[in-house]
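I am attaching a structure below and will ask some questions about it afterwards.
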Amino acid sequence: MDWKRFGFIALIIIVLFSVVVMIGQAKQPPLLIVTSMLATTIAVATPLTLGALSGVFCERAGVVNIGIEGMMLTAAFFGWLGGIYMFHIFQLPPSVSIVLGVFFAILTGALMALLHAVLSITFKVDQIIGGTVINILAVGLTGFLNRQLFFGSTSVFEGSVPSSPGVLPTVHIPITELFASICNSSAACLQNVQAINRVFDQKPIAMGAILLVFLSHYILFNTRWGLRTRAVGEHPQAADTVGINVIFMRYANVLIGGMFAGLAGAYFTIESVPSFEPLLTNGRGFISLAAMIFGNWTPIGAWAASLVFGASQAMLINMQIFRDVIPPAWSFLQESYIVGLTPYILTMFILTGIIGRTTPPAADGIPYEK
Amino acid sequence: MSEPKIVLEAKGVTKQFPGVLANDNVDFDLRKGEIHALLGENGAGKSTLMNLIYGLHHPDKGEIFVNGKHIAIHSPNDSIAAGIGMVHQHFMLIPVFTVAENVMLGDETTKRGSLDRVAVAAKINKISKQYGLDVDANALVGPLPVGIQQRVEIVKTLYRNAEIVILDEPTAVLTPQEAEDLFRIMRDLTARGVSIIFITHKLKEVLAVADRITVMRAGRVINTVKPSETDSAQLANMMVGRQVILTVNKKDHEAAEEILKVEGLSVRDQRDLETVHNVSFTVRGGEVLGIAGVQGNGQTELSEALTGLRSPTSGKVTIGGKDLTGKPPRIITEAGLAHIPEDRQRHGLVLSYTVADNMALCDYYQIPFSVRGVIQPKALDENSRKLISAYDVRTPSPFVNAGKLSGGNQQKVIVARELSRGNVKLVVANQPTRGLDVGSIEYIHSEIIKMRDRGVAVLLISAELDEIMALSDRIAVMYRGQIVAIVDSKKTTREQLGLWMAGAHVEPA
Amino acid sequence: MQTEKQSISLTKKILQAISDASLIPFLAILTAVVLGGIIIYFVGGNPLLAYRGLLEGAFGSTKALSETAVWATPYIFAGLAVALAFKGGLFNIGAEGQLAVGAVFSALIGYALPEWLGFDLPTIIHLPLAILVGMLMGGLWAGIVGWLKAYTGGHEVINTIMMNYIALNTTSFLLNGIMKDRSPTNVIARTPLIAESARMPAIFDGLRVHWGFILALLVAFFIWWLLNKTTLGFEIRTVGLNPDAAQYAGINVKRTIILTMALSGMLAGLAGSIEVTGLNYRHELGFSIGYGYDAIAIALLGKSHPLGIVLAAFLFAAMRNGASRMQFLTQLPVDLISMIQALILLFVAADAIIRYIYRIKAKGERVVLTRGWGG
Amino acid sequence: MKKLYFVMALLIVASMILSACGAGAPTAADCAKEEVFCVGLVTDVGKINDKSFNQSAWEGVQKSNTDGVADVVQFIETADAKDYAKNIAQFGDAGYDVIVTVGFGLGEATAAAGLTYPDVKFIGVDQFQAWQFTEDTADDSANVTGLGFPEDNAGFLVGALAAMMSESHKIGAVCGTDVVPPVWRFGEGYKAGAAYADGMNATTTEVFVVYHSDVGFDKTFTDPEWGAQTAKSMMDQGADAIFGCGGLTGNGAITAAAQAGKYAIGVDADQYLTLPEAAPRMLSSAMKLITPGVAELIAAAKDGSITAGNFTGTAGYAPYHDLDGEVSAEIKTAMEDINAGLLDGSIKTGVSPVKP
């Protein structure tokens, strides 16, 4: 593990949190602020984490993927659309429709990834161009269909947007129950428990993302699949000479990557808010790309990086909420246009390699020719 | 006595690549427990034949038999299954993986889904004991010296229980001593019933180690002979198809004033490791100083430091009395340096540029090639035509892309560009003949000597000991970034140099 | 029989000859258009009417033509920006941001300079100055990325994307703050109108096409000349094709990378300045995004050749401009255009698909536009 | 083979173009005629189905169609600000009788078109059209009407309502960027309303208002995810009523609040109807009645009663729907009084029309 990197990441997160606590404690108990921020951080980081994982699998196998944004967006749309169709056209119960929606999203991600694979592996199209194509196509396609299906005479639903089957429910982790006994009904203590509980009041995809991070890490570094994937990304010829099917490994991993992006898409329209808007991913795909590099192409690293972005977002929100108690010295923190730049500047700073060079897989972005 | 049985046989194998007929109806066989050398110049089709046998390419015609039965080889999997293993000239190892990971790759042992590194390490240790190939299973491959990496490659084949091992140019990267060691290992293997195909273009080695020798030329098998029944002259003749002068004839040089002076030079590589420590030497006008040494002992960084591509951490470089330490390449070039880089395709040429453009790659900005920042195509054209005839570059026209030329002609383009420059005082030639056919090698050697005789100082860096000995007036041996000895080329021997190259601390004779 | 064979082989030769230059892009466009038509049909629209609308809207009248030229102007500049970067082995996804920066600063010079100086400037000074400043700021914006690439290896793709966000936020900040148009009737984020002396005249009365369009064509020619006829162009192309060889040949690679990126940024900045000085006479914070991406598509479609880019820019301009008419006639969404453009880009990028569909043999080696993250 | 494909493709396209040029024009053709009353709408940059002002305005136009006022209705989505004039001209040249332009951005283009097409009536939604009364063009042929709304009143109403309903005495609003005046007026009106309610009931309510100004214009209204996260943070701070003002960003907040079982307050239209997933917890909506406003003006344009200048549409608050039971009689009456007060001007929100 790359302690310098993780140290730096931890430092940033701590700084961001303490700024908010310092300002907010005038209004709120620090514990509540911290847990609330943690919750926001995790939630905001979820799509970034999944997007970054998508990148990790593609690029560990040697395929650069800047199409994450497009994959997310398309998946968000079709996942949502699928849910609605199941719900309204096929009259399935909401719960089933929602779950199916998630599957549609993952499937869509995989299909977009397939396109990317065909372009960059089979047709050996410049992989960054391929990704750009995906991004542009995604915007056009989702925008067009969203308009065509839900508006005007041609639309399936007589021009109105039908109610979606809803969103994934919050997973209940019995923190309160666990601690309640210890508290033996001291009000203050229970309040703290409530506060802590807030951190765990997350939804399946958010929770799943964290599990997937560690699972991916294990797969990449401790299994046959992982070893072969990395081999293909580092030195495809070498892999070929020991009888590994480079093309297959690349296709498979790009598809896996697509599925992660698809799940990220599902997060937007099926877990967070049950509606689709053109461009709703708002460049988070690019941020996850940055997170992947930031985390040096490792799942855990990428996750940590995503948390940084999550934390800075959480800080921005809280700065607005605590607007009226910000001391004049700190008032610049309200210039949200400027404070909003933090993640971007941070990313560029990381890319300078000042806190440890990031080293991509050796064959990343290079089409394999026998 | 009865010949041992044939374990591998290729019949009438033909392979056409765009432009070249790489293998033309080739027959080849390998007997159990023998070392069968496959001799030929670069591009003779040796590697192609092996790649066909190993399943990396597929023959257009012909069949391959293992232990008498015909097998269809579609991918390395099939050949591995048939007990064939191959050690490629460019190692197929992943630097960021450990030895164990590299060895098991493609044939992993797992326990409950996760890699069982312990078991693999154990098996590796067993093999390395058995064949005296000691390697540390848990070491990262990247930092290991090439000699060891080669062992890892061999272990890889044995790990897959290969009974036929193909070694492609295995000695290219070794000191004579390491080569000896490799030959020992090869004999141990054959003693244990492993059969070996040994690909090389070095006559001495073939005669030293092979049981049988098959010579290939231009995709055809010329002949198969026993070492006892032939000699190097005859082999060379078969290889090249004509009489070859095995030694460069050069008249004694009259040492002029010193031109290149290097004092206490230290250089760090991109991983920030100091790969050249405190090196000092001089090269005089009209002499060739050869730098012998196994690859990766700092020669690359040394030449980069001399040519301005890498700035030294300490020390001083003067050319013709001018201090040029850490100056950019252009300044040094203008001071009279001609540089023949190590990797001609990556560093010497822009393959998708025309020959004409490549021939002006360094001087494009100067009169007559450009006037007030505007390129003069006519000047480029004339210049290239002049050089093409002067250095007999075989090209249809000055306007074909350099990428379309053969390796030899590409190198000639570079040589022409560098040596034809008006003010050349010093030539730094780094592996100038690597991978070339004998014809081109002879030509380039003669050009280097010509420069020397014109009173130019030449620094020749080569891993080919023969080349060093043939061309150099003085020889400096580099080991682990230091110059361990500088001797007169007439007063030393291969063995002596080999010892120095291997780091033995023997006083210069 | 014999003659027929010859004629076939002849046509074949001709086809091959054309194919390298324009056949593939042409077929790509054609295929995308046909596909688009099929899509329109399946969503219940009338493809013929839609395309008729596009054509009328783009070329139907002098006014339409003029509007197409107006649209083409920034496309040409931005397309050249991306193409120049490609030639230098760099991928500039940041045209969007550089364009915004250029626009903001041209506007600033345009409206604020006379106030600062306290007297009006003659057009001959003011206009060029406004354009120049916008151009330079665009160059600076991209130059930063070039510098990071040259000296830290930070990959330009990520960095230009990040710089896009930074540019967007910063312009929002300026246009809502110190640069906001304070006239009582204004409420949105935009600068005041620039002084008359900073405005580029229209070419014909009553039509909006302005001299910036001519400038765009001249610049396109200039870039062609720069790349192919000058030592600087030689350096840029050499670094683009083989940075190692460039370094061995004594070219200052770092400097060239920075320069290439800066030049690319200047072209993008020009796109912005010209929009301000030639068309809008102010910079307004639009909701619309996509010049940057369109520019990439145009550069690819034009094979990074200035002439090709001018043509590609016209195609895209025609589509964007014709879209209004198409909507008016068919009520089909504008997104249709983006989709057809995406398809075109797809087919141009993966010309193998086109070659497969129309059974055209590949010729020449693939040109590498960008390298992975290596930096 | 290859040639065959190539020729085929060529034919397809050729036929397309040729036949296209032959084809007859649709509906719009008749608009030149006197008796046909045509209404065209030009959106601001953005989508016609933005679930926000573009869509509401279009629904107004459609209403006039179903009411039999307009015979032909058409719209054009603007893809880039530079197309404003051109898109208006599409309708102007086709002889449309009324052209509705949506959003402040089109203000000047509309005014200009007013001069080019003197016989056409223009309705500018969310536009302040004072230009007719400037010296040069002060005449009665003025044909441009701006349709504005007192969003601050609407915000004021729901602000007061939220303050009165809140048990924690903490309420929040999640809005798009305050650069857009209507949004600003909603948000600040919300604060003022809460303060007014505090004044009445001697309570002190803490109001969090967050504007999504940290991103570019292209995102601020289309970021439901951000809206949801912000609303959550507010609820962490104890807020138990959330007002989502700002397109889809706001919708995200509303939905999040509803899911958390807090009071959700919608904006523009009665979002009880447009946001089904939040309906059960939808307390009310700060309504800005664009749709009826537009329809009304179109009708006025037809019968000639329309006047140039600025027309102020209605802003109000939506019914309580499912939560009707939870709202006490006192609060209901209080709300009616406030609304009346705002209408007769006895209550002032004190919100400046634009962020100072």
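Each chain gets a letter, A, B, C and D, in the order it is written, and its residues are counted from 1.
Here is the rule we go by: contacts are C-beta pairs under 8 Å (C-beta built on N, C-alpha and C of every residue); 3 or more make two chains touch, one makes a residue touch a chain.
Remember, it's a predicted structure, so these values are computed and weren't measured experimentally.
Simply put, of A-B and A-D, more C-beta pairs touch at A-D. The chain with its Cα centroid farthest from the Cα centroid of chain C is B. Centre-to-centre spacing of chain B and chain C amounts to 47 Å, using the average Cα coordinate of each chain. Mean C-alpha positions place chain A and chain C at a centre distance of 31 Å. Counting partner chains per residue, chain B has no residue touching two or more of them. Touching two or more other chains at once are residues 143, 147, 278, 283, 337, 340 of chain A.
The residues of chain C that reach two or more other chains are 165, 169, 172, 176, 331, 333, 337, listed in rising order. Going by the touch rule set out above, the chain pairs that meet are A-B, A-C, A-D, B-C, C-D.
Taken in their complex, chain A has these residues touching chain C: 59, 64, 66, 118-119, 122-130, 132-133, 135-137, 139-141, 143-144, 147-148, 152-154, 278, 283, 286, 289-290, 293, 335, 337-338, 340-341, 344-345, 347-348, 351-354, 357-358, 360, 364-366.
The touching residues of chain B, when paired with chain C in their complex, are 307, 309, 328-330, 333, 339, 341, 346-353, 357, 361-362, 364-365, 370, 373-375, 403. Interface residues of chain D facing chain C in the complex, by the touch rule stated above, are 1-3, 5-6, 9-10, 12-13, 16-17, 19-21, 23, 25-26, 28, 44-47, 74-77, 79-83, 86-87, 90-91, 94, 104-105, 107, 128, 130, 179-181, 213-218, 353-354. Residue ranges on chain D touching chain A, taken from their complex, read 47-49, 51, 172, 208, 210-211, 213-215, 218-219, 222-230, 232-234, 236-237, 248, 251-252, 255-256, 259, 276-277.
Note for the complex: chain C touches chain B at residues 229-234, 238, 241-242, 244-252, 365, 367.
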